[in-house]
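Some notes on the structure that comes next.
Residue numbering begins at 1 within each chain, and the chains themselves are lettered A, B, C and D in the order written.
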Amino acid sequence: MEKFLRYGMVGGDIKAFIGGVHRRAIAMDPRAKLVAGAFSIVPELHVQTADAYHIDADRRYDDYKTMAEKESQRPDGIDWVSICTPNFLHYQIAKEFLEHGINVVCEKPLCFTEEEAKELVELAAKKNLVFAMTYTYTGYTMVKLAREMIAKGKIGKIVSMNVEYVQDWLVGSLDPANQKATTLSVWRSDPKYSGISNCIGDIGTHAENLLHYLTGLNIKRIVATTDKYGMALDLNSNMILEYENGVRAGFWCSQVACGHFNGLVARIFGDKGALEWSQEYPDDLLYTPVGEPTETMKRGSSYTKVYEAGNLSRLPVGHPEGLTTAFANIYRNVITTILKKKNGEKLTPADLDFQNAENGLDGVHFIHKAIESAEKGTWVKY
Amino acid sequence: MEKFLRYGMVGGDIKAFIGGVHRRAIAMDPRAKLVAGAFSIVPELHVQTADAYHIDADRRYDDYKTMAEKESQRPDGIDWVSICTPNFLHYQIAKEFLEHGINVVCEKPLCFTEEEAKELVELAAKKNLVFAMTYTYTGYTMVKLAREMIAKGKIGKIVSMNVEYVQDWLVGSLDPANQKATTLSVWRSDPKYSGISNCIGDIGTHAENLLHYLTGLNIKRIVATTDKYGMALDLNSNMILEYENGVRAGFWCSQVACGHFNGLVARIFGDKGALEWSQEYPDDLLYTPVGEPTETMKRGSSYTKVYEAGNLSRLPVGHPEGLTTAFANIYRNVITTILKKKNGEKLTPADLDFQNAENGLDGVHFIHKAIESAEKGTWVKY
Amino acid sequence: MEKFLRYGMVGGDIKAFIGGVHRRAIAMDPRAKLVAGAFSIVPELHVQTADAYHIDADRRYDDYKTMAEKESQRPDGIDWVSICTPNFLHYQIAKEFLEHGINVVCEKPLCFTEEEAKELVELAAKKNLVFAMTYTYTGYTMVKLAREMIAKGKIGKIVSMNVEYVQDWLVGSLDPANQKATTLSVWRSDPKYSGISNCIGDIGTHAENLLHYLTGLNIKRIVATTDKYGMALDLNSNMILEYENGVRAGFWCSQVACGHFNGLVARIFGDKGALEWSQEYPDDLLYTPVGEPTETMKRGSSYTKVYEAGNLSRLPVGHPEGLTTAFANIYRNVITTILKKKNGEKLTPADLDFQNAENGLDGVHFIHKAIESAEKGTWVKY
Amino acid sequence: MEKFLRYGMVGGDIKAFIGGVHRRAIAMDPRAKLVAGAFSIVPELHVQTADAYHIDADRRYDDYKTMAEKESQRPDGIDWVSICTPNFLHYQIAKEFLEHGINVVCEKPLCFTEEEAKELVELAAKKNLVFAMTYTYTGYTMVKLAREMIAKGKIGKIVSMNVEYVQDWLVGSLDPANQKATTLSVWRSDPKYSGISNCIGDIGTHAENLLHYLTGLNIKRIVATTDKYGMALDLNSNMILEYENGVRAGFWCSQVACGHFNGLVARIFGDKGALEWSQEYPDDLLYTPVGEPTETMKRGSSYTKVYEAGNLSRLPVGHPEGLTTAFANIYRNVITTILKKKNGEKLTPADLDFQNAENGLDGVHFIHKAIESAEKGTWVKY
């Protein structure tokens, strides 16, 4: 009976943002320990990171291929790898670890083409491996609560939806002078590194994923516009999404919306009520039963305990949990799932409540369909 | 030198909502007095209203035609008529008064067809009469302030917009049982009374008008969906509006959005900053200069006095003004304009800051283009 | 059977703030008309105001004494006088009109000493006249709703309260240079014009009045501090109020609190729930039933209609009413009361729902007790 | 040159709330590792916790005395102990570890009497040991930013303050039936376990500490009331605090305020501006420069980077950090300080930015003075 897991990381050196988030989120759970890594292609950063995390000398790998091979051969090899590299490397690294029989946790987007995505989905299935995607926002307790409320009919039949994910950090790119000068902007707009889309790929996919996670609804048809403002790739996009059952959703993502930082907001309207959740205030969930006042539901409060999701908190009501905890909630389920699989225990739907490679494939499909609609200037079937 | 005006009203009996708003708004200004009316086709309501407002016996008219004729012949005849009837009557009543040389203030929508709208625009021009439309939300001080800030470059070049106008009062119509039973819903969905659109016509036009008022931008192309949920006319609509200069706006209007009452919210994003205004909290205006914190600008505060619009308040900062005052702001300009015309004085742009028949025509055009796009399932040129 | 009333005004010229509020509020009700006035001791302002409001030549009075005498002798004399002068004149003007048998509506504070206040209370009672005080905030629909909810036990037994009324407009007085230079500040700090208190007298009394109006509780004991910052009178004050039943309330009023404009906020906590109301967003009322989420109750919504106060709105839910309407709500009851008294009709508690001279006396008592506590540095019995 | 630290814990079994927060907060920093513990006096909980955290068999201690002795003798002994036991045990445990030469991190309150508190302060000084207190809220980035802004004169000279810390979780204690039945309430009201105060001791001290941390001001005089509602100790308290320079602060703490969960809100007003921070939305800081709009400053935003505190974030703007991160910020400084002391490096004020035993002593003093004032019914010197 295994109680602990070992994990490795590719990318995520100590200067990178998202690698640290993964490590701190996993560290909230005493059941897993970082033991191996290929943290950076810059040798000093790789060494500094390995030092900071006490990685043994023989598990500091110069490249991910060696890491996958060596770890797969050790009796105490890693149980999973967390991939925190730039997006264009996800596919090849994920594939390598899967082929060596190692579970994968991958940042989104999964990869750039649907062919690659399908290959990874099939490879994970064939190898019977866990392939988790860190769609961060599905980890928040109040998102899970909203999902459960919808499933239990608290807002009735869905009739309309609205989602936006808006930021302002690329507003500087609107100035033609910066379009050449800014390394960041150039990188963001280089198809080699960002695929066919910048904004939709980076944040729009989170918004689409969130609506699907909350409601289970699938898109049938889409119309989109993209705004490049002189850059090679999109910085802003408006869409109308038509789901099965004819439900329509307004959709907007932007990286040039002054005053917005990480503004992911989902609103779901049914014939019996409505729900609204905003990422920047993640412990609150606004619920309006039809004909009643809007209620501000608070994570951790007694009245949320009637829901399964209401019992997932680590902190009491009024003590903000934040994004690292949302990440930790994803990893909690991934760790439980991998542990149970190792121990031959039965998995429950609650254990498997994390986004996987199929959701990653959905994201890639979404990007391609949105870009297709914008380029053709028409509705496109999904 | 005239100092006072007399006005009459068609529709707007004491049980009707909007007639009272007009009267209370006008009463905030001592320069005008209600002296005549054809308040209702229900005789008791007509009399009760005339009694309540001290209307002389010879100026209580059974029908608007008589009223137009008689008032146009009196030396002390009304200076304008306010039309507060159901929408399908606007055209014929407005036309009648214009033909009798009487200025008109009309609730929106102006009328149902573009032909009728153009006829009214031309008739008002030919007769050199004022034809004001009470697009309520353009009367709010902070809307005017936002407009002035945009014109003065405070947010730079506009790059993206978002507007919504959402309510919940027809959510009961989603239940098929109610679709037959509810008088209100039936009326709302009867093309005879509502033209070709319910939701877009009733509130969507306000949203479109607000973006135009704020920015001066004109629509070039539009894609829309409408949701009828089993009714004859739309109850919910999503759109993408493409303006000149390629600026896109997400657009949503709904009467079935639980938790929203009169939720008109406009957000305008430029390369130097952003503005956000929400009708339910009309004295606040959110302004984000690029790279700076979001500022909550308050109507009446000292720092708004550098703008012309900052000096329009009737109440000091922190003392809420509300919708009746927005209405009164519209009428203040209408009264000034009519008075100045009577006195042969020169009109300033500030005097003429109210929506007119051309804006009413724009609204009718918008409805038709939106419905056309929804029916064809394509983008349509504007 | 009388249907209409005539009123006069003392003070309130067209350049003064509060006189216009009174007139616009009264004008929302077609049952009363301004017919007489002594608007200013500055002749030009008096005439301009009388002109603007179409006052007949023989009812434009140079002084309030003449006005009281002449109007009391006319068969069509005014039914009430609204007193909108500076505070130090309230007592003598109110007394004059009462002695001439004319009903009074007076701005707060009623007067400066308890002796004067008691004299006015007794005089009004002896003459059987209406003496209304425009404690503005008691006119808001959601304040009335909160009061009714408390009376109906929706928050159970009250256990704790908190009130604040904070503004920033005298923050400039903190600078010694301005203490001499600013006319306004000097006036505010001159006991001749402001009595023994500036801040407590001007806004603190509103806060105390609001708690009493909401709960019906009476103060038993008080401890207070006042901050003058070098001025002659208080600009800031903290208190603890102890009410009957041992309920304590935190109390704070200030005119030097940057970022606050007219920030009157009351919070009432009971053993079954809590209520919170904030003047700057007056159409919202926050209600938390014990163990349930906080509900944002909206003025005009269907779920408020189960309360009497829920039926007082002039505008539908989501259409902001504002302070002028709160004022109009007070006058609506005053007008109904005076009309019914003229017609010999029976008055209901709803008709009499306005603050009167006794409430004015309470306010004067409160000021004196607060100043006494601050000066002695002890708790004082009330 | 040491790079890593080892720590132990007394109390904090896996079922306890605060022990887990400490562990997860420390785990955000790879420089420290949990290696020893006396987690519970319940043997099963002790073992379960030790198992979950991989504690070696010889470092699982049945009691804290043995732990202090053994660890102090090991060459790889713990660098500090984190004390997470019930409050009444803090004194004896802290003393024991100090006497064995081990640094201490202690939950607040430090202890119950001022004599004990002084003893611990002196003992830590004599032994040259770090004695940190986890006054959680001083760990938030935006609290540190507010403190720095005040120090740098951004709000000028402080003229008024207001603080509240209100919760609702003991509202059930108001019911006499529950006062006997509820174990929790009984415990909270038993002086053996809670000292002379429940509410002021538990949360009021945080509020007092926060004002002092933000402003550096010291209390001179205090007047307080306490409400017990039939219990042995206070559940609610109002105070006026008078600081040096004559600045007054309104103060309120409560555990019976329906609708509030962990509502710590501080507002500081100066003659050049004001700041407001609310614990439930900790990434926002409201700043109002005099005469300007209120700005919502966001943790992680570019405009905060001009402040030292603006560079402390672990997550970018818009990605909520939450309470665990505030805790981690405290530990980050504690770890740095202990490491530097071990390495003989020079300590900076930034390193020492955590609350210590003297702050703990201040808290004990505050409790005693507040209770004294409430019991005497007078102002008391501090």
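We adopt the following convention: contacts are C-beta pairs under 8 Å (C-beta built on N, C-alpha and C of every residue); 3 or more make two chains touch, one makes a residue touch a chain.
Values in this document were obtained by computation on a predicted structure and should not be read as measured data.
Following the contact convention of this document, A, B is the list of chains adjacent to both chain C and chain D. Because chain A and chain D carry the same sequence, their contact can be compared by residue number, and over half of the numbers here are used by both. If you average the Cα atoms of chain A and of chain D, the two centres end up 34 Å apart.
The mean-CA centres of chain A and chain B are about 44 angstrom from one another, to the nearest whole unit. Between chain B and chain D, the centres computed from C-alpha atoms are 55 Å apart. Shared contact sites, meaning residues of chain A that touch two or more other chains, fall at 294, 298, 301. Residue ranges of chain A in contact with chain C, taken from their complex: 287, 291-298, 301-303. Contact residues of chain B toward chain C in the complex are 3-4, 17, 20-21, 23-24, 27-28, 30-31, 51-54, 167, 260-263, 279-283, 298, 300-301, 314-325. Residues 155, 157, 159-160, 162, 164, 168, 171, 174-175, 223, 225, 227, 229, 236, 238-240, 242, 246, 248-252, 254, 256-259, 267, 269-274, 276, 286, 288-290, 294, 377-379 of chain B are the ones touching chain A in the complex.
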